[in-house]
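Submitted below is the structure of interest, expressed as C-alpha cells.
Chain IDs A, B, C and D follow the sequence of writing; residue 1 opens each chain.
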C-alpha cells in the first residue's frame, strides 16, 4: 500500500466546508468595530499609558486587565513595515495588488495590520504616511476601511 | 438551533460580527478507495481481509489497525450484497447550516453475509421507519449501471456506497435473532 | 519522579445558550480569572498554561491558543493545546497535573471552553455535510444495546434526566434550570434519536472552566482547602472494528482500573463519595456505572432506580447537574474534573454532598473511545481513610 | 528532570501531494520508528500525536490516525492540536513520572488538499486579522521587510540561506525540494512572490509524517547502543498581534533556548523550523548559534514542510545528526503560529 506515491492521473475529490459563524464581540472589540462603522479608529490605553491598536481586553505583555479607556487614534499613520501582495487571494480585502502593512496610527504605540491600496510597490516605503479610506456603507467590520498613501487623498 | 445572525441596529453599538468561512479541499483518492469505487461501479462490494486475524474491512483501508499489518490487493475479497441489520438509529435531523434532511431518517449497520464485514450509516428503503428491527434481513438496491456515481466517495468517508446503492430493502426472510447482534456489531 | 499535586483554584462561567456579552477570549478569561481568584494568585504567579477544546471548526478559530495567549497571560510562558475529542477537558486537566507532579512547574493554569453559539456543533460533527447524525445518532444504538443486554426498563433514562436537572437547579452555573421537570415530561418530550428523548439529551452551551494546580507548598499557602489529585489515567481505543463492544468499551474499563489502582481504590462503589461522569445522554449514567466497574453487569440501572445515584443517595452521580444540564463541549470534561474537586474541597454550595472526601471524575469522547479520569481527595490519605 | 532519550525515529518522504491518506502514510513511519528502537509495540506506555483538523478539512481527523498506531488493546494516549514537537514535549513530561519507560510520538499533516493562504488566516485573531485574510506569506514578508529595514539581513543573505538549504536538501532522502543548483545572483534576479520574498524564500507545500520513540534512561541503555539524550526542552509564546511584538527578533525562542540550556555547551548542529529564509537568521541569533554551528543539514523546512510533522522532524533530524553523522550536541527547534509566535527548543546530546 505504501509505495512511493507517484502523482497519478487519478481524479481529485473536492470537499468544501463552509459555515456562517456569528461572533459576539464583548466590551472592547465591540466598541472598536462600532467606531469603525462610525468612522473613528479607537485604541485603548494600558496601565503603562501605551495605546494599543487594535484595542485588546488584556495587556498582551502581562495579562493584566486593561480598563476600557478608549482613545481616538489616526486616521493617518506611519508604515512600520509592509509586504507587496501581487496576487490577492479571494479572502483579501482588495481584489487588486496592494500592500499589507503594519501601520502605527497617530496617537498609537503599536502597529495595526491592514491593507494599503497604493497601486504599485514603487509607491510603498517604510516610514511613509498613510491614511484611512472609509467605505461608504459600513457595518462595523475591520474591512470598513483600507488605507491609502496620504498624498493620494 | 440555527444561530441568530447579527442584525446590528444601524446606530446602536455593534455587538456581533458575521464570519463566513469557506474552504475548499481537493484530494487524490487513495489507491484502495479508488479500486473500491471502480468495483462499486461494477456492482461489486469489495473489502480487504486481514491476512493475520481474518477481520474484513469494507471499504479496504490498506491495513488492519488491530494487527497493525498492511493489506494489499492480494487480500481483496468480494462481499455479499445482502446481510442483516445489526443496529440502527432513527435520526430527527437538526437543521444546521447545509442540512438537507427534513424528516426523520434511518441509519443502519448492515453485516454482510459470509463474514464480519459491516457497512455503517446505511439507508433503508421500502420499510417504514418504525418497522426497522435489529436482525432484519436486507439486500442492496443497486442503481441502474448508467446512474451509478462515485464522485462523492472520498478518503474522508472511506468510501460510502450511496452513489451506487439506493439503500437496503427487506428481503422478507425471517429475522435473525437480535441477541446475536446487539452489542457485538455496531457503528 | 512524582510529587503531590492539588487543585487550589476552580473557576467557571455561567453556562448558557449564548454568552452574547463577551468575546471568545472574554469567555475563557472569565473562568480563568475566577480560578486565580479562588487560589488567591495573580497572572504573574502562573508558570504555564494548558488549553483544551473540541474541534477548531466548532468556532472557526484554528489553533486558538495562539490568539488566546494574550487573554491567558501566557506571554513568555509555555502554553499547550490538547485535543482528545469529548474527553478533552479531562485530558487537558491531566496534562496540567503532570506538569506539577513531575516537578516541572509549581503553578499551572488549565482552561477548557466551547463557545458553541458561534457555530454549530451538529454541523461540525457532520464534517459540514448534510445528513449528520449528531452524537446522539452515534450513541443511540449502543444505548438500545445496553437496554437489551441489561434488561433495563425505559424509565431509567427518564429518571436520570430528572435527577440531573434537579441537581442543576442547585448549581448557579448550570445552563438548564428545570427544578420541576417530571418523568412524564421527559417521556413525552420529542424523540430525537430513538431511544433518546429531547429531555434526555444535553443542551448546547457557551462556557468555560479553569483550574489552578499546584504543589504541596502551594496548597499550604492557598486560602481554601485543596483537592489532592490521587490518581490519573487516560485510555484510547479504535472507534470501529468488527467485534468491538461499544457499550462497555475496553478502554473505559482499563482507564477506570488504572485510576482506581493509582488512588488505592479497591471498591469504588463504597470508597468513592461522589462521581462526576460524562453523561450527555441519560442512558450513559448506568452504562458508565457498569462500564467503569462501579456496578456489576446489569446493576447500573438498578443503582439509578433505587435512588443510589441521587444527590442524597449512597453513590451520588453528577451533583452538579452534569453534561445533561450544561454542555460547553470542550469544557464539559473539565467541568466533571472541577466538580469532583469542588466537592472534596467542600465548596460546592447548595449541591454539596455532605462529607465528600473522595471524588471520581470521568470524561469520554469520540465513538466512546477516548477516556480521561481522575480521583481527587480532601486529603492525601482520603482513600486510606475509607479502608 | 530525569534523563530521557530518543531511541528510534523515522520520517516519511515529504511529498507535494500524496495520494495516501494520513493514517496510510503514518502507518509505515510509526512501524519504522518502533522497529528501529528495538522495542515491542505493546511495551509502549504512552502515545502522543500532533495533527490539525483544518489542514485536511475534517473534524476529528486525528481519530483516524489512531488506526496507524494499532490502538487495540487500548493504549494510554493523548493528542495535541499542535506540531508533533509539542506531542514529544507532552510525552517527555509523561515519562518523568517514571512509572512507564517508553513513549511513542508522531506528527502528521497533509497540506496538499487545501490552500494554505486561505486556511491559515483562521489561525489569527478572529475579529481583526482573520477577516483581512492575512496569510502566512504576507505576514512573513512583513517580518522580512522589518529585518531588511533594520539592516539585520539582506536579500542576498536570504538567497544564500535558501541556496544552502537546497544544497543540503539535495542530499536528504526525505526532502521534497532537492534542486541544489543555481547561484545567488540568478536567484536574486527572480521576481518577488510577495515582496520582499521570492519563491526561494518560501517553504514548499508538503504532505508527510514523522515519529520518535522516547525511553527513560535505563530502558534506553537496555534497548539501544546509541541513545540520543534530551538534555533540555522548553517552549514559550509571545503576544499574538504582529504589531505588538518586535518581529525582528524571536524573544520566545530566546527564552525557550535559555530554559533548555542551549548555551551550556557548544552546539554542532541546529535543525531550525525556519519556514521562511529570513527566519533562520532570526532564530540563529535568538539561540546564540555561532558560525561554526552547522544549520539545517537536512535542508530544513525550506526543503520539506509537512506542517504538524515538520517540527518533530527537526528533532528526528537532530537526533540523526548525532547518531548517524557524529555530531555531539544538537539543537532542534519547532514553531507554531505566524512570524514565530510560539517556539520550542530541544537540546540533544550523544552521550
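Odds and ends about this structure:
The working rule: a contact is a pair of C-beta atoms (placed from the backbone, for glycine too) under 8 Å apart; a residue touches a chain by one contact, two chains touch by 3 or more.
None of these values were measured; they are calculated from a predicted model.
For chain pairs C-D and A-D, the one joined by more C-beta pairs in contact is C-D. With every chain reduced to the mean of its CA atoms, the largest distance from chain D is reached by B.
Inter-chain centre distance (chain C to chain D, centres taken as mean C-alpha positions): 33 Å.
If you average the CA atoms of chain A and of chain D, the two centres end up 29 Å from each other.
Inter-chain spacing, taken between the CA centroids of chain A and chain B, is 43 Å. Chain centres here are Cα averages; for chain A and chain C they lie 38 Å apart. Annotation for chain A: residues touching 2 or more other chains are 1-2, 7-8, 10, 15-19, 21-25, 29-30, 33, 56, 60-61, 141.
Counting only residues that touch two or more partner chains, chain D has 17-20, 24, 27-28, 54, 57-58, 66-67, 71-72, 113, 115, 118-119, 122, 125-127, 130-131, 239-241.
Along chain C, residues 18, 20, 23-24, 57, 59-60, 69-70, 74-75, 117-120, 123, 127-128, 238, 241, 367 each make contact with two or more other chains.
Taken together, the touching pairs cover every possible pairing of the chains.
By the touch criterion stated above, chain B contacts chain D in their complex at residues 17, 19, 21, 23-31, 61-63, 65-68, 70, 155-156.
Contact residues of chain D toward chain A in the complex are 13, 15-20, 24-25, 27-28, 57, 113, 115, 117-118, 121, 125-129, 131-135, 137-139, 141-146, 149, 192-197, 239-245, 247.
The touching residues of chain C, counted against chain D in their complex, run 1-2, 23-24, 55-63, 65-67, 69-70, 74-85, 91, 94-95, 98-99, 101-104, 124-125, 127, 233-239, 241, 249-251, 254-255, 258, 366-367, 369-370. Taken in their complex, chain C has these residues touching chain B: 18, 20, 60, 117-120, 122-123, 126-134, 137-138, 140-142, 144-146, 148-149, 190-194, 204, 238, 240-247, 367. Within the complex, the chain C residues that touch chain A are 18-26, 29, 43-44, 57, 59-60, 69-75, 115, 117-120, 123, 127-128.
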